[in-house]
Amino acid sequence: MVRESSITLEESKAALEEFKKEVLAPMEPPPELSIEGQLEIYRKMAVIRVFDTRVKELWKQNFIYGLAHSYVGAEAVAVGACAALYEGDYITSTHRGHGHTIAKGGDLKKMMAELMGKYDGYCHGKGGSMHIAAVDEGMLGATGIVGSGMPIAVGAGLTAKVLKKDFVTVCFHGDGGTNQGIWHESINLSSTWDLPVIFLCENNQWAISLPYSQAAKNPRVADRAIGYGIPGVTVDGFNPFAVYKAVKEAAHRARNGEGPTLIEAKFYRYIGHFVADDEQYRDAATNEPWGALDPLRRMAGYLVESGVASQETVDAIYEEAQAAVEDAIEYGKQAPEPSPDTLYEGLYSPEFLQSLGEEI
Amino acid sequence: MTRVMTVKQALNEALYEEMQRDETIIIMGCDVAIRGNPFGVTKGLYEEFGPDRVRDTPISEAAIIGACLGAAATGLRPIGEILFSDWITIGMDQLVNQIAKIRYMFGGRIEVPLVIRAPVGAGGGQAAQHSQSFESWFSHVPGLQVVLPITPYDVKGLLKTAIRNNDPVLFFEHKRGYEIQGEVPEEDYTIPFGEAVVRREGSDVTIVAVSIMVHRALAAAEELSQMGIECEVIDPRTAYPFDYDTVIESVAKTHRLVVAHESNRRSGIGAEIVSQVTERAFDELDERPVIVAGRNVPMPYNRTLESMVIPNEDTLRDAILELMD
Amino acid sequence: MATFFAMPKLGMNMVEGTIVEWLVPEGETVEAGQVVLAIETDKATQEVEAPASGVLARILKHEGETILCNVVMAVIVEPGEDVPDDIPDTIAEGVAPKADVEVKVETAEPAHSEGRKEKSEQPRRVNISPSAKKLAEELGVDITKVVPRGRRIKREDVLAARESMQAEGGPATKGSKKPMTRMRRKIAEHMNHSARSVARVGLTLEAEVAAMIDWREQLKAEGARVSYNVLLAKLVAVALREYPYMNAQLADDETILEIDDINVGIAVDAERGLLVPVLSEADKKEVTALQEEYAALTERALSGKSTLADLEGGTFTITNLGSLEIEQFMPIINVPECAILGVGAIVKKLVVRQDQIEIQPMMSLTLAFDHRLVDGAAAAKFLQRVKHLIQSPPKV
């Protein structure tokens, strides 16, 4: 039948009920996570929330242009996952890379400058939002091709194996990526070779206008793991602790040489696919029921209710986040544009570019 | 001290020596380990360096190429082998959208020291999906380097350069060239990219020949010499970077240009070479430049049809005779 | 058929013209090509001819009016024809009647005429290769005067034109032109190079050849027909083995290379030009073997089938014009070799032997050598040795 909205309100509510029954988990921090650790998780989530909210506004004002994809609503996944990693671990990203970069420890100023196309940005203005990369911090870059980060993660796992290093690589990808051929090839290859990779599917249930229920016969991404002989688990993607625990365990396995794990972090994409998405394909009302599970609110609520922090502290953290983002925006605005003779910089290794001289 | 060996042996030696020199170099692809590659290029490497560094992969060209990127970005110097260059198409996104662009997109903050090796070329009834050569596609992509040597001396020196440099390189070996013999020095040496070699001097016409066409051009040149036509045959060895200086110096002497490549004519690398030389050395041309290349058709299976499609020394000779008329 | 007489485009940049005066009244019969109108353009006053013959039946534009090119000014009809009702405002480009006298064409095809007028305004288009154009500029050759051999002027055409330009001037320079063949050019280059770079000195003597003639007869009696050239090649090779400095070449500016193999080339007058096939290791082979080789080499050379192997590797050359009655001549050295032996005809001469006059068959030998590598006395010693060998051949 011809639909007016990709999903009806009934379908949305039903999905929510099922989610609450099967996936939703209580906000229980892992025992090894300190209070500072929990506050740090909240802080990063707040920064992502503020950052990407401001990005949308800056985009409308043309300080940021082209394509930008917001991580609002997904904060728990990136932050929870990265909190479980050690320094030296890697992550690969998608087109929705701001959250991953911030969670991995990216510098807000360099990020904002990059989004504004400035030379002081992480990629010297060459990448923008969709190719933002914080390589030194272990974030191997955002990419605009769905699923293309996956074999890169496999390659990183290969390096760890061959050089006998104990770093792991978390491969963020979306529900949309699970149906790319490369998804299959990557998981197959890394599981066959027992590479230390963690495939973290950010199932926000929407691939632009297509709900996952209409993209795959089996709506449980984690089930696919059976086919590859690796563990697969679905976790509450609105819950940073749930994601943390799953990643921690998967990392442990990986470091032990037991190979990859498939983690499906299930949540919901409240916002449009990209900053200018008018979301004509779905009835706004269908998002409402899920709004109650806003991860930032949930985390703040947990902190206060469990007595970990006072409301004042939580508010202060949020305000600090806002201030930090404003600083970054100011920095980005002031930062210089790249000069024209940086056009070919980075095209090849510096030694090769030099050998070419004028001839590109 | 030099020894005579085949292209295949020279490749094997290069791989062996490099892998011994640097333990971050690994090889992966289908049938590279125990089988030692269908042509024998990786023979013995698995036994010497073990399954960690010489890896047989499942049939997953996209993953192989993409994993090379991930490995290169994190500390290895991988060599990915694609059994037939025709199948690089399965990993095109990884090669063209990721590998070629990632250093640039990330502002130069990442290095991609990888090599993708693949056999190219036609003949022997291998038909449409096992006979292609994509040097023109990939030299079109900024961020990639494309190399196609044909002599043992060149394959060894250029493969070493490809492995040692910090840029992604497509290394195309002609599958009918593996048994070509030549002299290879004992000592370690590398050959820089972007340096052509004049294989034969002559003053009547410049032939720029790519890969296996070098040998066909030399054969044609011998015949033509008896008819009083002296050809200068240039082997560019690398499709990108390409040594135009040597070609132009030659055209300034002969005033005639012929470009020969095995892959089909339309939008092939000959078009780029002719256009560049015409632009840069217009006043040196006494004749219209000529391209001798395969016909614009998928490679047919039938032997006779196949031989109609592939340019050989006779095709080249006839084209030159017509030009000189 | 009516002709729509429009303002003609009389120049590349002409856009409009002003009618000054109709020189013929309406209704008058006119001839194609007859001047019927004076107009003014931004260049000058110009005459306009009638584009067709007939009656100037209707004048639409009048004195003082400025009208754009191709706008119809008048209508010419055939005698007895009516002026058509629908007269177009303008006529399409390219169909405009030509204002040129050349239109004696009964069928009056206006389509072509406009174009022709245009071309006469522009310089003639010359098909010339870029390289030839550059060469012509350098040499001061007027490319409009060069007649190409093919569709397009090439370098060789420019060079030929230059030659004939230089040659032109006297009646003695008329003749049939023949562009140099590739081979001719190569020979010319080679000879030029030799003449310019070698310090050539010539030494001449005469050798008594009675013994050599006997030797040849002896071989003939044994069933082998050996040419004099082969005998000479053998004897020269023997001498070269004794005087290796005559079998030398300049390796570079500072090195003289005395070559191990003695490969004697013998000049052959092939139809295409001079060729020098080479008898390799002439000192090591018997004359009968050399003769076989020689026969094959010359056959190939004469039929234009010489291979590269035939022609390369020579270290010394013999050139023999004896068959053409030439007694003595000074040859050019076949660089990079350092010497060449010119052989003349065998002629019976009066010689003095032990104060007695005898008639002896004599052969003149001229050794041209490169004084950069070899001094006079040294070369003379070699030539003397050759003479002695000829006069008492070792018969091998």
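Letters A, B and C mark the chains in the order given here, with residues in each chain numbered from 1 onward.
By definition in this document, contacts are C-beta pairs under 8 Å (C-beta built on N, C-alpha and C of every residue); 3 or more make two chains touch, one makes a residue touch a chain.
The structure presented is a predicted model; accordingly, all values stated were derived computationally and were not measured.
When every chain is reduced to the mean of its CA atoms, the largest separation from chain C belongs to A. Chain B has its Cα centroid nearest to the centroid of all protein Cα atoms in the structure. Chain centres here are Cα averages; for chain A and chain B they lie 40 Å apart.
The distance from the centre of chain A to the centre of chain C, each centre being the mean of the chain's C-alpha atoms, comes to 75 Å.
Chain B meets chain C in the complex at residues 204, 222, 225-226, 228-229, 255, 282-287. Those residues of chain C that touch chain B in the complex are listed here as 129-134, 154-155, 181-183, 186, 272, 305-308. Of all residues in chain B, only 24, 26, 52-53, 55, 57-58, 60, 62-76, 78, 93-94, 97-98, 102-111, 142-143, 145, 165-167, 192-194, 241 touch chain A in the complex they form. Touching chain B in their complex are the following residues of chain A: 90, 92, 121-127, 131, 133, 135-136, 140-141, 143-145, 148, 150-163, 165, 169, 181-182, 185-186, 188-189, 192-193, 345-352, 355-356, 359-360.
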